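What follows is a set of notes on a single structure, which appears directly below.
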Amino acid sequence: MINPPPDVVVDDLIRRALEEDLGRAGDLTSAALIGPEARASGRIVARRSGRLAGLPFALRVFRFLGGVETRPLRRDGEDTGAGEALAELEGSARAILAGERTALNLLGHLSGIATAAAEAVARVAGAQARIVDTRKTTPGLRALEKYAVRCGGASNHRFGLDDGILIKDNHLRACPSIAVAVAAARAAAGHMVRVEVEVENLDQLGEALQAGADAVLLDNMTPSELRVAVAEVAGRCLTEASGGIGLEDLTAVAETGVDLISLGWITHSAPRLDVALDLD
Amino acid sequence: MINPPPDVVVDDLIRRALEEDLGRAGDLTSAALIGPEARASGRIVARRSGRLAGLPFALRVFRFLGGVETRPLRRDGEDTGAGEALAELEGSARAILAGERTALNLLGHLSGIATAAAEAVARVAGAQARIVDTRKTTPGLRALEKYAVRCGGASNHRFGLDDGILIKDNHLRACPSIAVAVAAARAAAGHMVRVEVEVENLDQLGEALQAGADAVLLDNMTPSELRVAVAEVAGRCLTEASGGIGLEDLTAVAETGVDLISLGWITHSAPRLDVALDLD
Amino acid sequence: MINPPPDVVVDDLIRRALEEDLGRAGDLTSAALIGPEARASGRIVARRSGRLAGLPFALRVFRFLGGVETRPLRRDGEDTGAGEALAELEGSARAILAGERTALNLLGHLSGIATAAAEAVARVAGAQARIVDTRKTTPGLRALEKYAVRCGGASNHRFGLDDGILIKDNHLRACPSIAVAVAAARAAAGHMVRVEVEVENLDQLGEALQAGADAVLLDNMTPSELRVAVAEVAGRCLTEASGGIGLEDLTAVAETGVDLISLGWITHSAPRLDVALDLD
Amino acid sequence: MINPPPDVVVDDLIRRALEEDLGRAGDLTSAALIGPEARASGRIVARRSGRLAGLPFALRVFRFLGGVETRPLRRDGEDTGAGEALAELEGSARAILAGERTALNLLGHLSGIATAAAEAVARVAGAQARIVDTRKTTPGLRALEKYAVRCGGASNHRFGLDDGILIKDNHLRACPSIAVAVAAARAAAGHMVRVEVEVENLDQLGEALQAGADAVLLDNMTPSELRVAVAEVAGRCLTEASGGIGLEDLTAVAETGVDLISLGWITHSAPRLDVALDLD
Amino acid sequence: MINPPPDVVVDDLIRRALEEDLGRAGDLTSAALIGPEARASGRIVARRSGRLAGLPFALRVFRFLGGVETRPLRRDGEDTGAGEALAELEGSARAILAGERTALNLLGHLSGIATAAAEAVARVAGAQARIVDTRKTTPGLRALEKYAVRCGGASNHRFGLDDGILIKDNHLRACPSIAVAVAAARAAAGHMVRVEVEVENLDQLGEALQAGADAVLLDNMTPSELRVAVAEVAGRCLTEASGGIGLEDLTAVAETGVDLISLGWITHSAPRLDVALDLD
Amino acid sequence: MINPPPDVVVDDLIRRALEEDLGRAGDLTSAALIGPEARASGRIVARRSGRLAGLPFALRVFRFLGGVETRPLRRDGEDTGAGEALAELEGSARAILAGERTALNLLGHLSGIATAAAEAVARVAGAQARIVDTRKTTPGLRALEKYAVRCGGASNHRFGLDDGILIKDNHLRACPSIAVAVAAARAAAGHMVRVEVEVENLDQLGEALQAGADAVLLDNMTPSELRVAVAEVAGRCLTEASGGIGLEDLTAVAETGVDLISLGWITHSAPRLDVALDLD
C-alpha cells in the first residue's frame, strides 16, 4: 500500500548503479568462467531480521540485464526474520552474477533505513507522535530513502526546499519579526504549501502562534520544555520536536504530546540490513 | 595527496543532488524572506571529531549556485576535532541557504565513511595488514565512497566487476577445478588484471596456490584458521581475510599476518559525521 | 523579488533548445557570410506592450555560445510598453545570430504567459481572490511557466502530483465517503502537505468541511452558486473557483468572495509576446 | 501518412514531462486513496472541434507507467468534432491517473497547433500557396510542433539553422552585395542545402534573382507589393511572403500568387485544443 | 573560416571521452607519483605531415580538467609538416597527463579524416568536381567528422536522413515510377529540402531529369558511362558520382565532368594522423 | 564466448547514433515514399572477407525503431568470406531503412578493427607473444572497440587511466628513481592493480626489475634490443614491446620472446570492413 517513487526516477538510479559496477568491460570473471548459455537459480535471503524496503527495485535490476525471471516472496513494508527468503531468481547465470551486487546494495541500503525507522516508530507506539524524516539523505537517493522511511511506518517531512516552508533562525535574522516572516511566506507561497516556524523558546512560540503558523519546530528542547510548549500550543498548530533525539530518548519525547518527532539518523546513519544471494 | 575522483564524475552527482533538493521551484522559504541582494557569511564546522572527506565537493556545490566565495580551512584526509571550523563561506545569502543541505549531506556522508575507515586502520596499526573496502557501496556513489575510504587511510579493492578478477564459489561450480578456472581467467583477461581466488579451506588454498593466483580471499575463517593459511601461503601470493569482521575483531585478525582485511561496513554502515553550517 | 527556478533546471532547457536550433552543423548562414571575428551590437526590444518574464534566461543563452556581453535594461515582473528596449547585447556577431531565435523564443513564450496572468490579475483587483495556475503546462517547461505566472502577479497551485493532495471525483469513486478519503489522505501524506477536495454541490461541500479539508475546489459553478458556497464555508477553509472561467468572467467570479480562481488558459493558451532583436 | 518524429526524440520529452509532474514522490493523492490493484477505464475525448496531432505520443505516455492498455480511435491529421472519443484506455487506475495530465497536455498542445495550421490552410484553399511554419517554436518541442504543423496540412520551413540557408538583412550588412553573399553561401554549404534570400524591395529582389537564389523571402510587403514581386520573379525561384500576416490577411496574400506564406503564430500563439479524460 | 560544430555538441563528446578514460578513480599513476601542485609544460606536435582538424577541441579538453593554459600555434584547415608544433600547454602536471590521451585521440582521428579528404581534393584540382562525404561515419561523431571533411577542403553531403531527400533503388521499388516518387517527395518535404535520385542507367536518368530532380546520383558507373550521363544531363541538375571510387580513380572520374564525387572512405577508413604531446 | 560490453553502455551509443542520423524530422525520404504498413526483408552481407565484431549491436539498433525481426546467421569473433550473409531482417520497411546506416556503421567499424587485430594475431601465431591494444581509441567508443579487439583474438591493455598503473618517462621525471616510483605506486594503488614501467634502455630495465615491476614496457626498441632485454628479464616479469610496430614487423618482434606486443593502429587506423544491406 506504500507508494514507491515513479519508475522513471528509480530506473535512472539503477542504470547508473549498473554502469558503476559493470564499468566499460562488464563482469570479467563471469565472462571468463561461465558460458553465455549457463543457467542458475537462487534466492535473495535476509541474514538478519528487519523491515523490508526496495525489493521491487532490486528485482528490477535484472530487467536491465535480461534473461532472468524473478519472483518476490515478500513485500516492502513487511518484517523479515533472519534467514528468510525474500525472492527467487532463475535464468542466465551471467546476468544473475552481473546484477547481484547492485541489487543487494539497493535492498540492503533501503531496508536498513526502513529498519531504523521501524525501530523508532516502535518506541513511540501508543503515543500520538508520528516519526518523520529530514532532508539529511544521501545525495541522489532522496526519493528512494524517503520511500524506505514510509516502509518503516514513519512519515515524510519536506521532499525539498520547494514543497513546504520552514522558517529557521537564519531566515528570521533577515526579518523584523516572526509575524512579518509568516505573512511574507504566505503571500509568496502557493495555497497548497504549509508554513512551519522553528522556535527556540516560549517567546518565539507565542509569536509563531500569533502569526498563524501551521506548525512549529521545537528545536533542541528537553522533554520538560517540550511539555510546556505543547501545553502552550494547545492544539492550535502542529508541534514538531527536533534536534539530536536518539532512539533511547524517543519514549520520553513522545510522552510530551508532540505531534511529530523528526530524526535525521534514520536516513543518514542507518546501518545496512544484511541481505545476500544464495545460488542453488 | 589523496586523489579525488574526476570532476566530471563529481559534478554529475552534485547536479542531481541540487535538483533533488531545489525541485522545480527552488527554495521557497528564502525566496519569500530573503532579498536577492542579501549577503551572509559563515563557517562549516564539525560537531564531532572524525576524519574528513568530501570538503572540496561540498564547497564545489556553491559554484553551481553562484555568488558564493568559499575558503577551505582543512584538507580531506585530516582529522578534525569537535567544534573545529572546516571552511569559510561568504556571499549571496540565498545561494548559501540553497546549497547548505546538499553540501552538508555530501561532507557528512563521506566523512562518516572516512572516519569508520580510519578507526579500522587504527586498530591494525603496527601490523602489515591493509584495510580494504568492498563493492558494498551506496548505488551511484561508489567513486566518491571509495575516495572517502582512501581519505580514511584504507585502500580500495576492485572498483567494479571489470577491473579485477575475483573467482568465487559460484564461479567454481561452473569449472572442473581451480586450476582450470585460473587458467581460463588469465587467458581471457588483460595482463594488467590480477586474479584472486576465494577459498574456504586448506585444500582449496593449495589448489589456488598451485594455479598461480595473485591473491587468495580467505572467507569467513577464524584467526587461528587464518594463521594456518598464511603460513601455508608463505608469501607466494597476497592473502585477504574477509567476511563478517567487526571493529573489535580487527586486532586479532591483523595479528594472523594476512596482507589485506576487507570490510563492507566502512562503506555500507558508517554513521554520518555530524557537520553543520554556522552563519554569522 | 520573484524567485526564478534554479539554474540547473533552466540550463538544461537552454542546452536542449540550442541543440535543437543549431543541430549538427550549427548556423550555416552565418558561417558562410560572417567572419569569426566580426562583432555586432543591438537591443532586445518589445514590439507590443506586456509583462516581462524570462529575460535573464534569454540573456543566459548567450553564455552557452560565448563572446557576448549582455546588459538587462528591465526586470522580470515589470511591464513594458511597445517599442521599449529590454536588454543590450554586444560581442561576436556569429554568437549573437546563433542565439537570437532561442533567446527570443524563451522570452516571448514566458512573457506571453506573464502578460495573460497579469491581465487576469488586473480583472480581480480590489477583490480578495488570488489568480492561480494549473498543471496544464507545456511538457518540459512547467518550472519556467509557473515562474512566468508569478511574474504576472498570480500564484502557483501544485507543481506536480507530489506536492499537494487534490481529491477529485475520480478518487472519490474509489472511497466510501469524502470523510474517509480526507482521513486516508492525511494519514498517508506528510504534515507539510495540504488537502484540497473537489466538490460539485452543497452536499459534497458540507462533507468536505466536516472532514476538515484545507481547501475546496468548487468546480464549474456559476457565480451565484459560488456565492452560496462561500457563505456556507464561512472562512473554515480556502475556496477555489475552477473550470472554464474566461477573462470576461473574472470580475463576477471574484465578487463571490472566493479565495482562489484557477485558470488553465494563462499557461496553455497565452499568445506569445512579440519581442525582437534589433542589431545596430 | 504524416511522419512523426523519431521515438528517441519523443520518448525523451515524455520522460521529462513525467518527471516534472510526478516529482520525487509520485502521485500522492492516488497513492493515498486508490489501491495498487484497482482498475479503471475511460476515453480521451475532444471537448471542442479541431485537428488532431499527438495522439500516439499521448498514448505512449502510459507505456512509461505500465499496466495500461490503450486503443486509438482516431488518427493524427484527422478532424475531430466536439465530444468525440479519440482513444480508449483500460488498466491500472493509478497509472491512468498518473499519466492523465501529461498525456492531455501533449495532445492539447499539439492539436492546438494543428488546428491553427489547418485554419490557415483552409483560408488559402484554391490558391497555389503553401502555408509554412517558422523557427518560432517552444524551446525543446520543435520536432513535435513541426510535426503538428504537418498534421494541420501545412509544411515545414527549416528545422534549424543547420539545414538551410536564409540570408537576412543582418547577414547582408556584412557582405558587399547579395551576389557575393549567395556565392559565398553556395560555396560553403553542401549541395543538398537550398539558399533563400530575404528582400525588402524590388532592387534587392532583382539582385537575388540575378544571384541565383533558390527562394526569396518577401518581408513585410503589402499584397500589392507582393503581386509586383511575384510578377518580377516570374517563376525563376520560389517566393515566400512573411511578416505579420494574420488569419484574416491570408486570402489576400494567397491571391498574389506567392508560393509560400510563413506564419509564426501557428506555433507560438495557438491556443490549446480542449481535450479531457472521461473515466467510466 | 571553416565553421566548427556548436560547443554544446562538442562538449558532450569531450565529457564522455574523459569519463571513458578517467573512469571511476581517475589517473592512478599520476595520483601516485605527481603532486597536486606540480607543474608541467609542453607542446602538441605532429609526427607526420597532414591536414589539421580538431585542434580547438583537443585544447578544450583541458578546460574540463582545469588549471592548464593552452595556446594554439596553428589553425584547423592548415597543413602541418612532420615535427611541427601545433599548440603549447602549461599548467598542472596532473591535468595535462589526465587529458593527454583524450586530446590526442580527438586531434589524431579528425586530422586523419581531414588529411584523407585533402588528398582526395588534391587529386581533382583543376576539375569542377567537388569531393563530398557520406553518412558512413563513426557512430556518435558525425558532426565532428563532417567538420573534419570541411577542414580537408571537401564538402558535406546530407548530415542525416532528415535534411535532404535521396531516393534510392529501395525506395523506387515501392513507387510506380521515378516521376511519382519525385512528386511525392516534393509534396511531403519542405521547400528548403533538395531531392536527389539514384540512377543506374540512362533510362532512369532520363526519368529523373523529366521528374525535375535537383541532383542525380550516378551509382557505380565507369568513367565512360559517367561521361555519357553528364552529357545527357547537360547542366539541367547536379550530377554525383558514387560507389567504390578509390584515390587512384579520382582523376579519371573528375575528368568526366561530374559536379560531385562522394567518398565513404575519407570518413570510415582514414588512418589517424600521428600526433603526440612532448613535455619539457 | 567473447564477452560484449554491458547493454547499458551499448544502448547509450546506439541511441545517440540514431539521433544523429534521424535528426529532428526522421527519415524524410521513406516518410514521403513508403507507407507506414509497408514491409521488407533482407540480409546484412559482407562485401569483403574479415573478422566479425558488433553484429549483435547492429541488430539491436532495430529494437529502438520497432517492428523488425532480426536473426543472426553468424557470431562475433568468426571469420566471414566476401559475399556471405551475416543476418536476416524482416519487418517494417520504414524501420529497416531508418536503421540501415547506423547498423552498418557500427558493424563495419568494429569488424574493421577485429579484422586488423586478427591479421596481427595471425602474424605472431606460434610465438608466445600476445597482441594487445592501447588507449588510442575513438572518443566515446572505447568499450566497443576493445571488445572488437578481443573478437580479433587479441587482448586488452588498460581500459583507462584508472585500472592499471603504467609509469612513463613523464612520471619518472617527477621521481628520484624507478624504485621510489614503483614503491609509491604500490602504496597508493589497490592490490588488484598491476604496475608496469616504461623503460628505454637496459639500465632502466634493471632498475624496474629491482623495484619489482609486474611488467615492463620496452619502448621503441629494435628486435635485437628486445632480445637482450627479454634475456635480461628472464621471466621475472612480463615484457611488452611497444612503439611504431607495423604489421610487417610483427614476426621479427614476436621472435624476440616478448610476452606482449601493443599496437595502436588496430584501433585508430583500421579501415572499415565493407558490409551492406541487401533487400529482397
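In this document, chain identifiers A, B, C, D, E and F correspond to the written order of the chains, with residue numbering beginning at 1 in each.
In this text, a contact is a pair of C-beta atoms (placed from the backbone, for glycine too) under 8 Å apart; a residue touches a chain by one contact, two chains touch by 3 or more.
What you see is a predicted model; the values in this text were computed from it and never measured.
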Hey, how far apart are chain C and chain E in touch steps, shortest way?
1
Neighbouring chains common to chain B and chain F, by label
A, C, D, E
Pair of chains joined by more contacts [C-beta pairs], A-F or A-E
A-F
In whole angstrom, what separates the CA-based centres of chain B and chain E?
44
With centres defined as the mean C-alpha position, give me the chain D-chain E separation in Å.
32
Calculate how many whole Å lie between the centre of chain E and the centre of chain F, each centre taken as the average of the chain's C-alpha atoms.
22
Multi-chain contacts in chain A: which residues touch at least two other chains?
3, 20, 22-28, 30-32, 35, 98, 142-143, 156, 159-160, 162-164, 188, 193
Touching residues on chain A, where the partner in the complex is chain E:
20, 23-24
For chain F, which residues are in contact with chain D within the complex?
15, 18-19, 22-28, 30-32, 35-36, 64-66, 98
Which chain F residues qualify as touching chain E in the complex?
13-14, 16-17, 20-35, 38, 40, 93, 97-98, 101-102, 104-106, 108-109, 112, 135-143, 159-168, 170-171, 173-175, 181, 184-185, 187-189, 193, 264-265, 268-269, 271-272, 279
Chain F to chain B touching residues, read off their complex:
3, 130, 132, 155-159, 162-164, 188, 190-194, 196, 215, 238, 240, 259-260
Give every residue of chain C touching chain B within the complex, in rising order.
1, 3-9, 142-143, 146, 156, 159-160, 163
